[in-house]
Amino acid sequence: MSIVFYIVAALAVGGALAAVLLKNTVHCALALTIAFAGIALLFLQLDAQFAGFAQILVYIGAVAILVVFAILLTRGSETPKDGVYGRKWPLGLVIAAAVFSDLAWAVLQSARVLPHEAISAPTVTVLQIGNALIGRYVLPLEIIALLLTAALIGAVIVAMHEKEAGK
Amino acid sequence: MTPLMSYLLVAALLFAIGLAGALTRRNAILVLIGIELMLNAANLNLIAFWRYGPHPESLTGMMFAIFSIAVAAAEAAVGLGLVISIHRHARTTDLDAINRMKG
Amino acid sequence: MIDKPIVDQLDQVFILLERWIVSFLPAGWQAVASVVLNVVAIIAVFPALFAIAVLLERKGLGRMQNRLGPNRVGPFGLFQPIADGLKSLTKEDIVPISADPVVHFLAPVFLVVVVFMGYAVLPMGRNMTLVKMDAGLLFYFAMGASTELSVFMAGWSSRNKYSLLGAMRAVAQMISYEVPLLMSSVAVVMITGSLSLEKIVAAQNQYSYGLPHWYIFTPWGFAGFALFAVAATAETNRSPFDLPEGESELVAGYFTEYSGFKFAEFFLGEYVGMLSISGLGATLFLGGWSAPLAILGWVPSWIWFFGKVMLSICVFIWLRGTLPRLRQDQLMNFAWKFVLPLTLLNLMVAAMWRFLGEGWERWVICSAVLLIAYVAMGRIGMRHGHIGTRKYRYAE
Amino acid sequence: MQDAISSTPQLASSSITQILWLIPAVPILASGVIALLKQPKRKSAATLAIGSLSFSLLLSLVAFGHVLSSWSQHASTARETANFTWIQFASTNVDLGWVLDPLSAVMLVMVAFVGLLIFIYSTGYMAHDENFMRFFCFLSLFAGAMLGVVIANSMLLLFMCWEIVGLTSYLLIGFWYQKPSAAAAAKKAFLTTRVGDVFFLLGIVWLFAQTGTLLFYNHGAGSMESSALGGLLIHPAAFGLTAAGAIGLMIFAGAAGKSGQLPLHVWLPDAMEGPTPVSALIHAATMVAAGVYLIARVYPLMHAGALLSGSTTSLTVVTWVGASTAVFAALIAVAQNDIKRILAYSTISQLGYMMAGLGMGGVAVGMFHLITHAFFKALLFMGAGSVIHGSHEEQDIRRMGGLRTAMPATFLTYAIGMLALCGFPLLFSGFWSKDGILEAAQHWSVARAPFYMLVFGALLTAFYMTRQVAYIFFGHSRTEKHAHESSRVMTVPLAILAFFAIALGIIGTPAWPWFRAFLDGHSVSFDLSGFSEPGLMMLMATSSVVVLCGLALGWWLYGRAAPAPEQPDVLERAVPIPWSWMRDRFYIDELYGATVIAFYYWWARVADWLDRRIWGGAVTLVAWAFRQWARFNRFFDTDWVDGSFDKGCEELATGGGLLSRVQSGRVQTYLRLLALAVVVLVGLLIWSSRA
């Protein structure tokens, strides 16, 4: 496997670990963006250009900012006095480990089935994606449109300042 | 180790890390972060399978990933909105303290 | 007529140069070398442009404000940028104690990196793009979107009320203007049918009766360019939208706590961002490296590209000198209630434009729709704005 | 009332039959009005009662005249009936109706006339009694009921009036209910007559079942007419009796009860507790006569199928009962000291005579003695009443005496009555009516014994009456209380009755047997040849001799040497044992007491024991069973059904509790569970795909 994959994978996993383990919430958020970047690179490495750029645009561009905003708004930046982790954190850890072992076991077991050699890189142009979106996946597209507007309005209402709503 | 298996392992690891984050962290936002990570792990899986699947030209995997990204964005927005409103009511984002929905 | 090959050679001078240099290296390294060479070229050219821009801005503003501007250092103040650069390098780099050292340090670096990443896809001349990417525009906007993060990192890490407030304002502004920026460029994509910038320029590089097919000369194109310009200025925190580092109340906005080289980096990041956004604007609406007139075809393509970029820089400077600063809520209202709706409308008009077919009807209809919408939105939308004459209250 | 007038074949029903029902109705109506009057209206009550009875008397006389005229024209039994259907069941009709024939006409006149006299007498007698109103109310009710019995053509109507008569006798005997002895006597009278009435009712029902009709005379379809009688004869009943005979005996039992014949006579002497007019009217003249009248009315039934000897078994029984009663009662009367008890026993013995007369000589003989007896017995009772009244409520003859001078009028009328009762030859009615009976007894083919018993009875009658008169009127007064003569309102009816005691004999002499002809419905003419019948003169001689011997014996024992007040009776000294038997009424009461009453008590105790132990036990048992069942139900319901239900709910609740703990409200717990579930599922998947 190419060196690049290891580097990028390490970047993503490291970012994720940092995001989970760091004390300061803002640092976690930034670590998260690194993880997102790592994953985007993985996408690119898998020749999914559009997905990678979309990932960068959506996650790093919007979600990260959103998370940071949320942190600031809820004064999460001050480190909580009674420890960062929840009460029964070891249980969580154990369960996460169990899940990972399951998944890993599944992957390893199915080694025989998975294809070995990398197939020729499919040249995916944006045009094809456009056609696919409008052609085969027009319904999901419309639904996603609807979902996004609903989420937009919903988020606004949920977070609206109580005063207006309370009037 | 085929490339696909490595990708899948990375995705599984990411998923586990996200889950650990979600389960252990006290702050609500960090739980959301954990969830975002899990979603990304899933996307990675999708793209990996698409890439090493039998006929990648059908674009299903990638399209699916793209839609999942869109949905995840929406979900993040709503989730954070909720966290903010909870914070306004309960003055805290500590998940252990927020148990008003107790049965 | 001048010999075709000479023009071409002149046109492709940089590419030929690069190829010549790379040929010295062993085969294995050539690919890497060419990439490195290109990157080095970009990193060299655009900071230089930055220096010129800074000089131009200070001289231009001065002239606008009826004063000379810097003319001490070198003839007519030409070496002022070099002086500034030296100054920033030598200045002491103070980091507040309470600041978060890692993030504080990373913010400017991240900003510069991300901004320069944007240049990878810009077509500076005929087949002079670093990476000929199919979804080039998308890549550009992906990189563009990351700048906000660095602004936030800067603002927050310096643990200073003003800087945090400034960062928040900047981020809010950049986010709200990012959507119209994207939407107006989407119109262009819709017409050309591809995200790759080369195709877009190629589409505009045709001439009929000597006039180029630039998008700006179409109703939706003109509206699109106008909105793009507005969004671009907001995106780079320039002139009317430079609230974040509004000197009067927020000292220097999110980079108040920065000094020395990090301050210079922010400055660099800002101007390079301005250059890249104007480059994009040129490629999208002004035909990139295509000549304004058919007959001027012999002039090398990159000259046209850099000419247009410098022209837009002058416009930026001109705007900075004339327009007053907008208040935050006016800014936001303007974005969400005027610019965004118009861009969406512009998308529709572009669609109409594409399906109405040749002929004068589509000109009339499209322009009519756009004009009406502009007037209506302007009057209705902005009525409560009552930007009237300023009234002074003298102390009694 | 649906008035279906049905005339006998002989005569179309005249207007008098139409209104015959008024005779009983008016006195009953009067009694109703008196009952509703307010207390102090004494005079109006008396006038109302006497007025109503006099109206009935008048109407009876008219009816008598009518029958007399129709008899004289057609020289056959003039019978008119008026019948109607009272209730109509599905197929059978309950018919009521009244009949006017010589028998009922005579009785109507007798009852009304005697009743009226007694009413007038009792206004004087009861003047001082505060329950004057009530007395007259009961009396007029009694008179009405008695008249009803007389005219009844339907067995049911007769029975109804019969019961009302029984009721009024109870009420009048127990008139002074404060006295416990009066109340006991009333109850005794009522119960004993009821015993008789039970058989009477059974007879009625049997008759009705057999003949299908209640009416006596109904144009040939009546029960007393030949067609029905024929049917009755062919039906065999128990003990070799024909149906007719059996029914006749049953009806005779009812009559015996009412008329105080041997087995059921015990109530009559005790009935003397009632006021004297009551005794006079009811226990001398009318009510006791009702039994005899009843037998006369159903005579055709009893006489049906008479063999050659002219007598059926039922009539033989009647005769024997009558004769034995006559002798038995006379014996007891000899040893009595109470003035009214002596008369009561003499009534019983005379009734025995009437029954014997009916049994042997037929309706006319019996009825003639009944009529004459009614008059002189009423006279004797009212005389005794005036004596008691006079001697300030003193009833024991041993403490009376010498009233001959104190109460001359009463003495004179009483003497006439006594002589008529004994049957003093030729002059008095008693002689002729008793002679008829003796003549019938003589010719009775079945046996000679009754004749000798009746002759001995006549002797005894003469003896105890002279004893009584001697004790009361002759000798010197044995008490210091000064007796005084009764007022005119009491002595006048005595005189009238005395006249009739003498006069009535005429209509029954053999020379001019008017009464027999009238009743039997054939012509009669006055011819002395009647006397010339063989053995008649011999019979009259023997009876006269017997009577005179009785009188002489009586006068010899009591008349001459007025018995000393406190000494025991002359006869008692002579024959103490039989005397005590006779005085104590041959211990019949004690006999009954020992047998019937004892049985009754025993049976009551048994019934009580049964009731408490057996039925009570059964009921408690059932109750107990139900309680157990209820307890089991409750157990089943609460412990088992509810119990299991509650337990189920508890389980649910605890389960719910556990489950709710899972919903801890903390998001992360949910996430953990989710993840755990995934792990488990994947584990399962792997495990299952292992094979």
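To keep things simple, chains are lettered A, B, C and D as they appear, and every chain counts its residues starting from 1.
Here, a residue touches a chain if its C-beta (ideal position, glycine included) is under 8 Å from a C-beta of that chain, and two chains touch if they have at least 3 such contacts.
A quick note: this is a predicted structure, and the numbers were derived from the prediction, not measured.
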Query: Quick one: most central chain, C-alpha centroids?
result: B
- request: Report back the single chain whose CA centre is most distant from the CA centre of chain D.
  value: C
- request: Between A-D and A-C, name the chain pair that shares the greater number of C-beta pairs in contact.
  value: A-C
- prompt: Using CA atom averages as chain centres, what separation in Å is found between chain A and chain D?
  reply: 125
- line: Between the Cα centroids of chain A and chain C the separation in whole angstrom comes to 29
Query: Quick one: chain B and chain D, Cα centre-to-centre, how many Å?
result: 120
Message: Can you work out the whole-Å distance between the CA centroids of chain A and chain B?
response: 5
Query: Of all residues in chain C, which are in touch with two or more distinct other chains?
result: none
Per-residue overlap in chain A, given as positions that touch at least 2 other chains: 50, 54, 62, 69, 86, 91-92, 95-96, 99, 103
Message: Could you pull out the residues of chain B that touch at least 2 other chains?
response: 19, 22-23, 28, 95-96
- prompt: What are all the chain pairs that meet the touch criterion?
  reply: A-B, A-C, A-D, B-D
- line: So, in the complex, the side of chain D touching chain A is made of residues 668, 671-672, 675-676, 678-679, 682-683, 686
- line: In the complex, chain B touches chain A at residues 1-10, 12-30, 32-34, 36-37, 40, 43-44, 47-48, 50-52, 54, 56-57, 59, 62-63, 65-67, 69-78, 80-85, 87-88, 93-96
Query: Which of the residues in chain A end up touching chain D in this complex?
result: 86, 88, 91-92, 95-96, 98-99, 102-103, 105-106, 109
Message: Which residues of chain A touch chain C once you look at their complex with the stated criterion?
response: 24, 26-27, 30, 33, 49-50, 53-54, 56-57, 60-62, 64-65, 68-69, 72, 77, 125-127
Query: Within the complex, which stretch of chain C touches chain A?
result: 100, 102-103, 106, 133-135, 138-139, 141-143, 145-146, 148-149, 152-153, 156, 164, 168, 171, 175, 178, 193-196
